[in-house]
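Please see the structure below; I have some questions.
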Amino acid sequence: MKLRVRSELVYAFPQDTQAIVAIHVARTPDQAILSESLVISPDGPILQDMADHHGERRFRAAFEGETSIVYEATIDNAKPRLLSPNARLEAWLELPPPVLEYLLPSRYCPSDKFMSFAHREFGHLAPGGAQVLAVLDWIYNHVDYVPGSSHGGTTAENTFVDRAGICRDFTHLGISICRALNVPARAVSAYAWQLDPPDFHAVFEVYLDSVWWLVDATRLVPVENLVRVATGRDAADIAFLTTSGSCDLINQAVSVELLNP
Amino acid sequence: MKLRVRSELVYAFPQDTQAIVAIHVARTPDQAILSESLVISPDGPILQDMADHHGERRFRAAFEGETSIVYEATIDNAKPRLLSPNARLEAWLELPPPVLEYLLPSRYCPSDKFMSFAHREFGHLAPGGAQVLAVLDWIYNHVDYVPGSSHGGTTAENTFVDRAGICRDFTHLGISICRALNVPARAVSAYAWQLDPPDFHAVFEVYLDSVWWLVDATRLVPVENLVRVATGRDAADIAFLTTSGSCDLINQAVSVELLNP
Amino acid sequence: MKLRVRSELVYAFPQDTQAIVAIHVARTPDQAILSESLVISPDGPILQDMADHHGERRFRAAFEGETSIVYEATIDNAKPRLLSPNARLEAWLELPPPVLEYLLPSRYCPSDKFMSFAHREFGHLAPGGAQVLAVLDWIYNHVDYVPGSSHGGTTAENTFVDRAGICRDFTHLGISICRALNVPARAVSAYAWQLDPPDFHAVFEVYLDSVWWLVDATRLVPVENLVRVATGRDAADIAFLTTSGSCDLINQAVSVELLNP
Amino acid sequence: MKLRVRSELVYAFPQDTQAIVAIHVARTPDQAILSESLVISPDGPILQDMADHHGERRFRAAFEGETSIVYEATIDNAKPRLLSPNARLEAWLELPPPVLEYLLPSRYCPSDKFMSFAHREFGHLAPGGAQVLAVLDWIYNHVDYVPGSSHGGTTAENTFVDRAGICRDFTHLGISICRALNVPARAVSAYAWQLDPPDFHAVFEVYLDSVWWLVDATRLVPVENLVRVATGRDAADIAFLTTSGSCDLINQAVSVELLNP
């Protein structure tokens, strides 16, 4: 599926501010980058980090004053396989070393707190794809998607009590419950075709049968509509903009367009 | 300094339990391993992970029933350089990519919450070694070392309010404040000569002037007495024992002995 | 039902410490006090507060050094009415003024956080007795009674996530959900015949049909086995011992004996 | 000082909603009510509660649809005595029973968590007025007044970490630290002359030398400019509007005018 993605970030940096920006589409075997451009105004030096083992391609820069960052790319995405109920949960002894960290709790995903709940609610199901699908169903049925109901410090524990959140909260809750079930899980930021209103999207992946499966607890768009950007333990790792100091949002726009049906 | 370290973990695993064990001394240029042994009873297969870029060498296994793990090593440690007040804080553009994650908040180190405090209290100091030393002084002077005052879920935010904790809490608070000051900081587990009572110790490192400096907010022992084991974002990453299910402590003993003065 | 209750508190107060003690059985129309005694060693002045509108009778004193407080009473309890599914929830306009505070969140019962959950889970039921009984069923079926799983700072929000607690945690969760459903709810401490192991018990009351109904989410003993002591918003108000400084438990024993069947 | 106060609340209630409204000025010996009026549109029955022992005069009503509540009063205030450094902290044995509850933690004032901090920071000062004045100084010097920095669920613990808040947060932190020092403390809502921008204000009172002393950790206006409304454990008790369900703010305006110098 050929998609054109575009993001425009306009921020005011009151003083010289360091930044890590993660808006480039990831370079992965399933996601061909046909063309892309990055325009920063005013212009200045950036450090483009190499794609890491996730294919993630962030860049670093220092900004001061009003700054506009416009990224555009045309990509061709393979259709991802949907998580199969039969996908097998592997033993820890079988996992590749880089997968292990995704078993552990993180800033917004305190999976250690969800042990009892996860085993009470999902422990009777066979570990693996069916169990993860049951987690996704549970979240969809017990949490409302409510813009404005959470904030930057909201954790999966908060969302579990509040029963409301946005994509990042659904993702944190899904990751937390999966990790509590010993399923490696990690956060993924994405451009999403047909997401309404258009914005960056946060979804997650679980590791079963030796591959990462992309899932979305919000069910806002099919996972095949997603264009992967960054990968990490939770929102702290995949933020599109991480800065050394405060800055003010002036304008932000994300768009995704289908190039051929 | 030649040291002999020994740890003995005896746990009862009520069912077949997967485990990641991080008790081996790290393999680093400054820490020569002269000899070591690992005895697990009852015996069973383990997977010894290769040393990662931190030199960390955890192993994985599955345990059931009462299990004893005894690790011994003799090492020769170089004397570490003590953090200099003049050590320079580098710009984000200068940092090696693997250092970047240590700027971000993690499970027990919600550095995002400490921005105001850190800048109010330490913002007038020049960034770098002197500022980090001031953070260490502040923690030492404002937090009491009180065994039993915290638990497995205690975060740096809790410790900041409680004003009491143990080594892991001092470390989490130190890391959180440093990251809030844009100083990369990470947790380190260690054997510690002269630690009383003997136990695993948790300290941290800050990245300044292109190197990691080991520091200890508890001041329980000099950093030159430490033998490095694991490295990570916080206690979640460096636990000596991470398991897929609950288990019961039967006995645990750690000892460190000086072999030559 | 004639019951003899006894509590013995032995504490060491390292310095002159002020205390509020709530161990006397309440003086209420349904609970006749046949005899009672209080012995404090070493002896000293106490201030016995008058029974408040709940019948609660705490006393105040200052203690220093090892102190023993022994309270004994023989009471004759009327059999309480069990909460009827038909008990009607009254409008706020109909409530007596002293009931209003029990609609509000308190230290361990942040009912404001449970609005969404309570309405999602119980909103389809008619307000009143049946709804409260459904809350009690839900707690009983979703939370494990696990001694040692909580601590003095544990709130209903923590218990809701942990899915484990003791009587005070069950009570806090029950109160929180009821208040979130606009049902006045308050905590009650009690002696409990047949409670095993014997200890002070914490239960709660809901206000429906112009009376307070005693309920117990733990189902450890029938409510007719309870002898009421103190009443308040949550555990902060009904603690058997509130002190101005730290003290050390030396011994504590509670017993309840049936005098006639 | 003669002041005219006015508040106008315009809210939309999507369904029949019960409400407790606390906007009437309190009836106290020091605060003479010369005239007042309450106009609710559309009109409907209300239940005006009698002034309680704090002089607080809330009313109850049920609202549906867009509703306007306009309250106006002219009052004559005595000049309050300013907290004296010499005001004496009384022993618990000396306190009137209704004061005791203000020693205990509450929803937004978890004073139990501030024991160590309070004693470390203020324990060297003689208990009483001077110690409370030191607490007020500390808050003023360590917390920034930042509109928008907190939300309805923010507790004193959050504010202590964030080092930012609004009047209710300053008040909660002040109350928490005072209670941790065994000083009875309670929240007060008020109209405030010269508050800019005009709004309801939240301050607190401490009980020393047998009287309640009004203090304001924000220092936004002198305490003599305050017109007392409601009194309680914290913001949960003194909210100007407590409702049984959600409602939407349409307009809210508060004004205070000096009638003669």
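Letters are used for the chains, namely A, B, C and D, taken in the order the chains are written, and counting of residues starts over at 1 for each.
Keep in mind that, in the parts below, a contact is a pair of C-beta atoms (placed from the backbone, for glycine too) under 8 Å apart; a residue touches a chain by one contact, two chains touch by 3 or more.
Just so it is clear, the structure is predicted and the values come from calculations on it, not from any experiment.
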Joint neighbours of chain D and chain B, given as chain labels: none
Applying the touch definition from the top, give me the chains sitting in contact with each of chain A and chain C. none
Can you compute the centre-to-centre distance for chain B and chain C, using the mean CA position of each chain? Integer Å is fine. 43
Per the centroid of Cα atoms for each chain, what is the distance between chain A and chain B, given in Å? 29
Touching two or more other chains, which residues of chain A qualify? 113
Could you draw the chains as nodes, link the ones that touch, and say if you get a line, ring, star, complete or other? ring
Per the touch criterion, the pairs are A-B, A-C, B-D, C-D
In the complex, chain D touches chain C at residues 18-20, 45, 47, 49-50, 52, 60-62, 91-93, 97, 100-101, 103-107, 109-110, 112-113, 152-153, 182, 233, 236-237, 242, 244
Under the stated contact criterion, what part of chain A meets chain C in this complex? 113-114, 116-117, 120, 142, 144, 157, 160-164
